[in-house]
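Read through the structures below before going on.
Shared chain: chain A. Partners: chain B in the first complex, chain C in the second.
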Partner chain A sequence: MSNKEKNKSNRREFIQKGMRLSLGLSIAGVAGISALRVNADDYVWQLDPFKCVSCGRCADHCVVSPSAVKCVHAYALCGYCDLCGGYLKPNANELSTAAENQLCPTAAIKRKFVEEPYFEYEIIEDLCFGCAKCVAGCTAFGNGSLHLQVRHNLCVNCNECSIARVCPADAFERVPASQPYLIKGDFTAGDDHA
Partner chain B sequence: MKSKNIVVGIAIAIGFAGIVFWLVKDPTSSFQASIPGEDNRQSAGVIEEIIRIGEKFIKFENRSTEMNGTWTRFRGSDFDNIKKDTAPLKDSWSEEEPQILWSLELGEGHAGPAIYKGQVYLLDYDEEKREDALRCFSLEDGKEIWRRSYGVHVKRNHGMSRTVPAVTEDYVLSIGPRCHVMCVERKTGNLLWGLDMMKEYGTELPQWYTAQCPLIDGDKAILSPGGSAIMIAVDIETGEKIWEAPNTMQWKMSHSSIMPMTLNGKKMYVYSADGGICGVSAEGDDEGQVLWQTNEWNHSVVAPSPVIFEDGRIFLTAGYGAGGMMLKVTPDGEKFKTEILQEYKPKEGLASEQQTPVVWQEHMIGILPKDAGANRNQLVCVHPDDVTKMVWTSGKTNRFGLGPYIIADEKMYILSDDGTLTMIKPDKDQYIQLAQKKIIDGHDAWAPLAIADGRLLMRDAKTMVCLDIGE
Partner chain C sequence: MAIAIAVIIVRDFTVNKKGKNIENPYAYDISEYTKVDPSEILYSEIKTIPLNISTPKGITIWKDTLILVAEDFLIQLNKNGEQLGKTILSSSPTCVTTSLNGDIWVGFRNKVSVFDKDGKSIQNWTSFGDRSVITSLAVSNDFVYVADAGNRVIYKCSKDGKIISRIGEKNDDKAVPGYVIPSPYFDVALSEEGYLWAVNPGRHSFENYTADGAMRSSWTKSSVKTEGFSGCCNPSHMAIMNDNSFVTSEKGIFRMKIYDQHGEYMGVVAAPDQFDEDGLPAEVAVDENGLIYALDFNRKQIRIFQLKENG
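Showing the complex of A and B:
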């Protein structure tokens, strides 16, 4: 192979390598920018249960009907009480599952006997519309294990959350989509979770 | 014309089908009724536990130093939660104050201590041995002197223990979580007698166990079992029943404690049960008889005790949305009658979920519950003439919890749930905070406080500490 041919081959290789490199850089750049953009946009709405005042507006102001805000239960915090302030109306006639004794207007809390004297409470999410009556009762008279959360399988993640606009406690905030829930017990009041 | 008839016919048919559908279809067919029993509640096991009250005794090598101070029972000797005969107490605390003199790990609960001349008495629950334990400690160093106990199975249910023993020169009287009454000699811990109120009177165990603190009045133990007797008197030495007031009202034992009252020279015992409130004669020919009663104060969980005024007014409060009531008892011939002066929800006036408000300078001071609206968890002051009007509140930056408070040497000590102790100057005109300090990393610090000999005993769910608050 003459020097001329050798130089020719090198030039071709050089151009090919240059093309590959620039293509690679382009792809990496696009991927990087995309990643940055995704990261920047990857926030969702959530409410801080320690700020929530159980006003009931989550039930009425969500664009989704019924509301994407539901009651969740931090079992680790629950006292498993027979007399549950989140399940029973104040001064209920008896500690039973009769409709007149239940605080929840849609009977969305299922009460189950575990063993004397403990009862377990489970949220039936399909029936819950986020009225927070149980949350108010549990917060006032119990450990506060019942609390509200935006459910992200239901939330449409509006640019401006219509509940956040009317929340009297300023409890709604943007949280990373990778950690979309603020479950009581996993964090405490005042934690920085943004 | 023909096609028009067809269209009309179809329309009529559709309309008719719609009416039939509307008549036949039950829109509530998918509804499910919420009825009692869906929780599959089952009664307690049929195996009856054999409990021998006071069966065990341990004497330790430790001794106590003789002191003068006493805090003999729940709310103190005058039932007002004010320690009067105390040495001067500090008005402020330095960085190191108040000093923790000693601390003790206890069974989970809210039982408070009583103090008598250098000894501390506490009805604890030993979670490891599964027994109620009346424990005697030295106030000086917290060392245990003796322990009288008995096996009883108590599960965690927002704590286990939650009563304060009654102590006199000769006796210590306690009530355990499952209504077991025990009387022992104070100096030796020797067992005198025991009483199982569930067994003898059919007492229905209150939610979260017994919280009624026993009363010793002279040579009698005064108790309110609920069940078949709303109140009983027992000979403190022998355990013999002196009288039993039948519970014809079928009220239940509450978390409240019996408070004495003297009206027009007539001494009586007042008990705020789950179901109503009554006054039982404490002396004379009618001793042990119910003098008056009313079910106007009827709530499912009543923890605070009645606050009694000399003119016959009784302030009542409870949590779980109950609020408060000012009741007046007046003589009516040979009997007494009751009249409601004020009744309101927790957002509308002085209310409390667990602690009993304290009377100071003819005013009442207490901490509002969490369902009291904007003033929730604030220390507030009201005048008994109108308990719905706040004279002052501690403000939204000074909120407390379900914890206790006590007054001594013109200082009021308030314990928050998390173990923060606040000292204020109790005043009828304004909230005056003197000092505040986080004493322990606490949880559910709800037990009543006790003060004697310049020392304050406080506890959270698991730990009791003795603080030096004297000058």
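Showing the complex of A and C:
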């Protein structure tokens, strides 16, 4: 084989290799981007209840109406108090279910007698719009068992959460979809004061 | 037109920017109840000792020594805040008290350790169990009273840690109502005569027991007004003065007050505007001279209050 033919053959191989490399890189790039997108879709918005300052913005700034943020109740943490700071107004006339004594503007908390002097509090999710008034009361006077969470059966998982944008406490974060909730625990499980 | 749109966008960006000027129409407003008539404030703050501690947990006083527990250590300070000693603890403490001879009793989540006044370890008790949350200790000549918020009971123990009896459990036959303790605030202290007093925070009550565990008396002050206790877990902390008056500290509306030996409201030691709005209620301790010491967990200070001359 003459040098001329050898050079010709090398040039052809060079072009073929270049084409294969380009194709390989393109496929790898597309696969990488797809993987990143799939990964991004595996995360959802949630708010850290320990950072939440009960500012009320979850109620008004969610694109879903009423808000996808709801009060949830950590029963393991709750003291089942008769005098519940999250259920009753601070100046309640009496410890009863009368409307004038209730703190929640939509009466979204149901109070149920358990045994003297304990009461159970249940959130009626359809009525709750995430104003966090009960959260503030429970956190101030109780042990913070009432707290807000993004409910993922309602949240549309916006790329930029409109509540996160105005959250003064930076309480919103992306969490793995496999563990979408940040629920408070039982105080007996830790040694810090509530 | 373009300028108008630009102005609207810039205004929206600056006004609605994170943390700016958005009123909370659902605000939980208790400011009305935080106001205190100045004539009710009987004490003035005379000194502040800053602490170089990230997480203080408890305070007690023995003669002229301030004894604190924090993250994982015990320290002794003089009344100028100078460190006299430091002892590393095996785990995170929850409370501290002293006996008459100066021994230091440290409560942990579910156990108790004892140190001499120089911080040398004397004994370590066995655990009270996984559910225990020890929040306060009181030591008499013969017994140690251990307040367990997790099990809602006070253990009367011998000085070597054997449980002799359980105090304060609900007993209708003896008219003992039982403790209501929604959060880990459950203080005990001994009066000058050696009687045990325990806070029943869910009932806004103070309960007094004999050494045998029989209830002698109790008093309750439940009100959102200054003279009472509000919320589910108040008072959060208490100490008993030499004259058997009670110094209290509250959560929710952070304030310190004093009640006479019969539970009658005397006045305010420190008003809500003297504390940060959020955080933990101050731990209280008293000394032989009638000074009141507040361990302010939020500011990480020991704040000393003295009765005003006209108080």
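In this section, the second predicted complex is superposed on the first by the 147 of 194 C-alpha atoms of A that agree within 3 Å, B and C clash if a C-alpha of one lies under 4 Å from a C-alpha of the other, contacts with A are read in each partner's own complex, and residues count from 1 in each chain.
One rule holds in what follows: a residue touches a chain if its C-beta (ideal position, glycine included) is under 8 Å from a C-beta of that chain, and two chains touch if they have at least 3 such contacts.
As the structure is a prediction and not an experimental result, all values here were calculated from the model.
Participant: Clash or fit: what happens to chain B and chain C when chain A is overlaid?
Facilitator: Aligned on chain A, chain B and chain C clash with each other.
Participant: If we overlay the two complexes on their shared chain A, which of chain B and chain C does A:109 touch? Say first, second, both or neither.
Facilitator: neither
Participant: Is A:55 touching the first partner chain B, the second partner chain C, both, or neither of them?
Facilitator: Second partner only, chain C.
Participant: Examine A:171 and indicate which partner it touches, taking first as chain B and second as chain C; both and neither are also allowed.
Facilitator: neither
Participant: Applying the document's definition of touch, where does A:81 land relative to chain B and chain C: first, second, both, or neither?
Facilitator: both
Participant: By residue count, which of the two partners contacts chain A more extensively, chain B or chain C?
Facilitator: C
Participant: If you stack the two complexes on chain A, which partner ends up touching A:148: first (chain B), second (chain C), both, or neither?
Facilitator: Neither partner.
Participant: According to the stated criteria, A:128 is in contact with first (chain B), second (chain C), both, or neither; which is it?
Facilitator: Neither partner.
Participant: Go through the superposed model and pick first if A:140 touches only chain B, second if only chain C, both, or neither.
Facilitator: both
Participant: Is A:90 touching the first partner chain B, the second partner chain C, both, or neither of them?
Facilitator: After superposing on A, A:90 lies in contact with both chain B and chain C.
Participant: If you stack the two complexes on chain A, which partner ends up touching A:68: first (chain B), second (chain C), both, or neither?
Facilitator: Neither partner.
Participant: Chain B: which of 4-12, 166-174 or 184-192 bumps into chain C?
Facilitator: Stretch clashing with the third chain: 166-174.
Participant: Following superposition on chain A, which residues of chain A contact chain B and also contact chain C?
Facilitator: Of chain A, residues 79, 81-83, 85, 90-91, 117-118, 136, 140-141 contact chain B in one complex and chain C in the other.
Participant: Note which residues of chain A are touching chain C in the complex, please.
Facilitator: 54-57, 59-60, 78-85, 90-91, 103, 105, 117-118, 131-133, 136-137, 140-143, 165-168, 170, 187-188, 191, 193-194
Participant: Which chain C residues qualify as touching chain A in the complex?
Facilitator: 16, 18-19, 22, 24-28, 30, 33, 92, 94, 108-109, 131, 133, 150, 180-185, 202-204, 222, 224, 230-234, 251-253, 280
Participant: Under the touch definition given earlier, write down the residues of chain B that touch chain A in their complex.
Facilitator: For this pair, the touching residues of chain B are 32-45, 155, 157-158, 207-208, 299-301, 319-322, 353, 369-371.
Participant: For chain A, which residues are in contact with chain B within the complex?
Facilitator: Residue list for chain A touching chain B: 79, 81-83, 85, 90-92, 94, 96-99, 102, 107, 111-113, 116-119, 136, 139-141.
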